[in-house]
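Consider the two complexes below, in which chain A is the common component and chain B and chain C are the respective partners.
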Partner chain A sequence: MPKSRRFFSAHAKRSLLLPALFIAPAIAVLLTLSIYPLIYSITISLQEETSAGIEWGLGHFARLASDNFFRTAMAHTFVYAAAALTCEFLLGLGLALLLNKQIRGRGLFRASLLVPMMLPTVVVGVVWRLMLNPNFGAINGTLKQFGIDTESLTWTASPRLAMLSVIAVDVWQWTPFVFLVLLAGLQAIPQEPYEAALIDGSSRWQTFRHVTLPLLKPAILIVLLLRTMDLLRVFDQIFILTEGGPGFATETISLYIYRTAFRFFDFGYAAAMSFVLLALTNVISVIYIRFLSHR
Partner chain B sequence: MTRIKNRFTFLRILSLFVALLFALAPVYWMLTISLKTEVDQFASPPPWFIFTPTLEHYYDAFVTRGFGQYLLTSAIVAVTSTACALIIGTLAAYALARFELPWQLNKRLSLWILSTRMFPAIVTAVPLFLMMRDLRLLNTQASLIIVYTAFNLPFVIWMMRGFFADLPRDLEEAALVDGDSRIGALVRVVLPLVAPGLAATAVFCLIVSWNEFLFALVLTQTDASMTLPVGIAGRVTQYEIKWGVMSAAASVAIVPILVFALALQRYLVRGLSMGAVKG
Partner chain C sequence: MRLTKFLTLLIVLCVASSTCQRTPHPVKKQLTLAVVSGVEGDALKQAAAAYQSQTGTTINIAEFPYSNLFEKELIDLKARTGAYDLIMLDDPWFPRFAYEQLMTDLTPLLQKRGQSGPDADFVGTSIALCRHPYQTGSLYALPYVGNSQLFFYRKDLFEKYSLKPPATWPDVLAAAKTIQEKETEGANGGKVYGYVMRAAQGNAAVADFMPIFWAFGGEMFDPSGKPTVNSPEGIAALELMLELGKYSPPGYANFNADDVGAHLLQGTAAMSINWPAWISSFSDASKSKVIGKMEFTTLPGAQKPGQAEIGNWLIAIPRTSLNAAEALEFLIWATSAEQMRASALRGNPPTRKSLFHDKELVAKYPAYPAQLRSLENSRPRPRTPYWNEIENAFGIFLSKANSGELPPAEAMNQANAEIEKILQRAR
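Moving on, here comes the complex of A and B:
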């Protein structure tokens, strides 16, 4: 044991009081505001109000199985997450590979790319409401200038295009994040394996496949994990852009839970649904973490 | 060979410009809408550069309508909750980084703390609404300050734990040997050394609180208590939308974020991935 270690543990043994005092407030806050709400939520998800009073049971969870809206919202969530994740990853990786070089003005470039992802999601919603507005939006206005008929391109108001629109907005906002994390990952790769590949006469593709990709895997998995978690719980942008509409076309699971709780005031059922979402995100993150630790 | 190289350089510069255009043009478009008269807003083809700028929408939003109040609420909530999270979180982080706790508690507690951040917001939004209702805290700034403090806490602890761990122990030992108390060593020796990290963490918390939408939407619905994002969202979903007012409010909401983002680009990737990848 190095000297400093011994010094500290000797010091620590004398009093666990001080670290306990330091940590206690944080634990108290998290217990009351993260753990207690969870327990509260479990309780109300297991209670149903009947004419005879409050009844305990799995009624809310049973209702999930036959709720078509819930199933549709789930399907929307998966489509949204899968499509946005794929686009963000491919675009982010492509950009990172292209720009993994010393380029003049890269700092400025990086700072500008930060803008979309730092914006409040509400502002992102406003920006794209303006861009996609069928009457005066910049997208349709520009298309018109090129002589394209924009009559049917009503974007967020069209049942056909609404999902595409909200996915595109997410890709716009979060591709820079994927890019930045992957670029950081690329720059952390040492030069030696590349030199070895060069000596072996590997092609560009072989080098990418057998050197870059394996060494970038931790960064890739982390960025995919973080994006997946965020995509599955998406709420803000869609709420501003379409409120889940038109009709039900872009209603994801978070929006459906919100509507159930705060429009229909069916808190028990909303809580039950939120546990399905929680279970889902947990299972997915466990899978990712397995992959990450098996590298 | 040189042809291939040239082609790649060209491709690189082209993709750079296209990416920049994609990232910035929509935001620029919103800024122009906030500065255009209603005639110019609805003009076709859309004027990107040439129009007569006006500040009437800004005046309308922040003087005539209630956006000044929302702005103030947002600032109060962000600053107070950040301060609370920093104080509580830094203490916990220091203990986790520097004391050897029994039963592997350092690792276990850290992981548990991180896991509380992993819940989707909507999962806690429902019970938090009911709790705040029972406590009669709905539609108060206090409810948001409390929730944001808890929300930012895991982040502060993880960031600061990393900064403390990077610091050599000798410095504190010297202070302790010199007869300083633990708290004295923390305040006089350690905190000044991690000040840049502390500042970066603070800015992250400020941004998160400033941008947060779902909890604010659920917990605050009155003019006196709602934050800027909720105020803007309320205007968006109304039947008749004042585009100019909305863009003006949204443009103002961006300003602090831009200032912060430029100030700490360096820490950004590390922060956003919670220290998982060194930026």
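Moving on, here comes the complex of A and C:
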């Protein structure tokens, strides 16, 4: 019997019924919680409420071009993501290389490095907000002990220092994650290539450049992808640390989307901005994968 | 086949059980309230519990933090879920709810009870907030908590340096300078800042700026509705705010209410605009280092007499409520003099004139006469359904000016342009 006909036989129908029933709840959940909201948000991003009723079109997307707040928030998001990612990656890689060796107290180091990552972001935000308080905070308090004038160090309230402060907090919290993934990657590299490199007389830098880095690529790809996606949609810690301020100095795109949707109740425009963010995140992810997954 | 039978049976059972549940219960009155968490909501919850035990009406409470309440209420009312019978509203939200016709007009309901309108005991400026259009239109809510801004200052320092109580904003500036220069040994050894304000973007910066703006003769919109924040008066007001900023603690460009409160309670700042809810903490020894040293008065003026920003909590009945009549009974009961007195004893300023003169309350809250004067002369934030968006944009530029990112005139010009854009989109 040809395969296609057997597929539709009565017996097969019955044997498909049970699996279908088991899958049905998952499909239903997916449809109601993911697919429907997705379609709905596409719909509202294409609808504009006017006095004449609902108008269809690309009005929300056209508005993006003339929205200074949107452009600035996007720029902040990319500055924030690029700076935090660079610091986290370099620090994480450095730490992973250091702690990949047999040194005393390695376990203790590793465990203590993981603490920031395990704290809820909201808690991290509140703790740092208190520490960065220019008048009563621990950081300026400590600096004062060393005789440093802290009058101008207003951290989250200064347009110049606020972005630096929120980036520093992200680096503090998420470097351990980068470290953890890269360390796992390093430990998965077999010894043989290193032995071969040693026999060939390569220097430490050459070994790192031509053996460690290429073999670490899959781990690097994963960590860069995950961190970039997280950084581009950063919300909670900035919301708690500065709420986007002072002025607009630390407003990222997620904060602006949140405000547009839930403060100004313009869900259509918020949805349009979300899709732009989604598209950009996708483009960046594809670039990463292109560069890092092939030689 | 057995499976099909089993499934059929299952479906039949499901349908049967759900229809059984839908058979009407013996009618028991039930109300659902959306309240804000914190002292204002707590008072209403207490009133609800008392009402429940007196009348047998079951009252369900849905409690949300301030930052979520607006979105929760607006989403539910727009989706017509009928989830709430009564909602607490911060007064700047009211125009949005009224504009979208989401609330029940109370006048016909009051007339059914034989009342022509709200009780005359309510403070005029408070009841004006509950009408749409402002002051003149139909009544859609009743005022529950009667906040309006006050001017807080350190009486002891003013006496020490023979300064007169601040009547105008230039007086405030001069006093701030004197105190900051002369008072170098603050409550905890540090210096005392002359003034403290909130200039974090959004609500905070706008609330602390509006009384200065109004006193200088600034108006947010001209009679035709065009924004005019960059008028010479508006820029002069912002310049004064920045001057005051020189005597404010470092970092004030990101301060919120808690930062201002902390400075005043610690005795590290001498003056501020603040809300009545903070008054009681100044006599609490566990929080305050300045017991008996604070004075609370009405706001200073400039070209015009001083006016405070009003910030009342209102209670309204959504149009989707299925129990509007019952909800009104509760609303009238909760805003009655007796119940509002209980709320006042818990720390909420009332909205009834008689309670501001109540002997026991005045003994407990000596600032009541000043509060009533402030409330009766107060002004609402501009009444527009787009206030949240406008306040956000305006606050961003005020904060930018205060953090030194933009010069005052430039900040006001940019703010004006952004507000114009918001209004154009709305048209």
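In this text, the second predicted complex is superposed on the first by the 269 of 295 C-alpha atoms of A that agree within 3 Å, B and C clash if a C-alpha of one lies under 4 Å from a C-alpha of the other, contacts with A are read in each partner's own complex, and residues count from 1 in each chain.
Operating definition for what follows: a residue touches a chain if its C-beta (ideal position, glycine included) is under 8 Å from a C-beta of that chain, and two chains touch if they have at least 3 such contacts.
The shown structure was predicted, so the numbers you read here are calculated from the model rather than taken from an experiment.
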item: Contacts of A:Pro134 with chain B and chain C, given as first, second, both or neither; value: second
item: Chain B versus chain C as contact partner of A:Ser285, first or second or both or neither; value: first
item: Residue contacts with chain A in the superposition, chain B compared against chain C; value: B
item: Contacts of A:Leu18 with chain B and chain C, given as first, second, both or neither; value: both
item: Touched partner set for A:Phe264, first chain B, second chain C, both or neither; value: second
item: Chain B versus chain C as contact partner of A:Gly125, first or second or both or neither; value: first
item: Which superposed partner A:Tyr40 touches (first chain B, second chain C, both, neither); value: first
item: Contacts of A:Ala188 with chain B and chain C, given as first, second, both or neither; value: first
item: Set intersection of chain A contacts, chain C complex versus chain B complex; value: 18, 135-136, 243, 262
item: Complex contact set, residues of chain C against chain A; value: 3, 70-71, 74, 96, 199-202, 249-255, 259, 262-263, 268, 386, 388-389, 392-393, 396-397, 399-400, 402-406, 418, 425, 427
item: Chain B residues touching chain A - in the complex, by the definition given at the top; value: 11-12, 15-16, 19-20, 22-27, 29-30, 33, 41-46, 48, 88-89, 91-92, 94-96, 98-102, 109, 113, 116, 118-131, 146-147, 149-150, 153-154, 157, 169-170, 173, 176, 182, 207, 210-211, 213-214, 217-218, 228-230, 232-233, 236-237, 243, 246-247, 250, 253-254, 257-258, 260-262, 265, 268-269, 272-273, 276-279
item: Chain B contact footprint on chain A (complex, rising order); value: 4, 7-9, 11-12, 16, 18-20, 22-23, 25-27, 29-30, 32-38, 40-41, 44, 94-95, 98-99, 101, 103, 107, 109-123, 125-131, 135-138, 141-142, 144-145, 172, 176-177, 180-181, 184-185, 188, 218-219, 222-223, 226, 229, 232-233, 235-236, 239-240, 243, 254, 257-258, 261-262, 267, 270-271, 274-275, 277-278, 281-282, 285
item: Interfacial residue positions of chain A with respect to chain C in the complex; value: 17-18, 51, 63, 68-69, 133-136, 151-152, 154-159, 162, 242-249, 259, 262-266
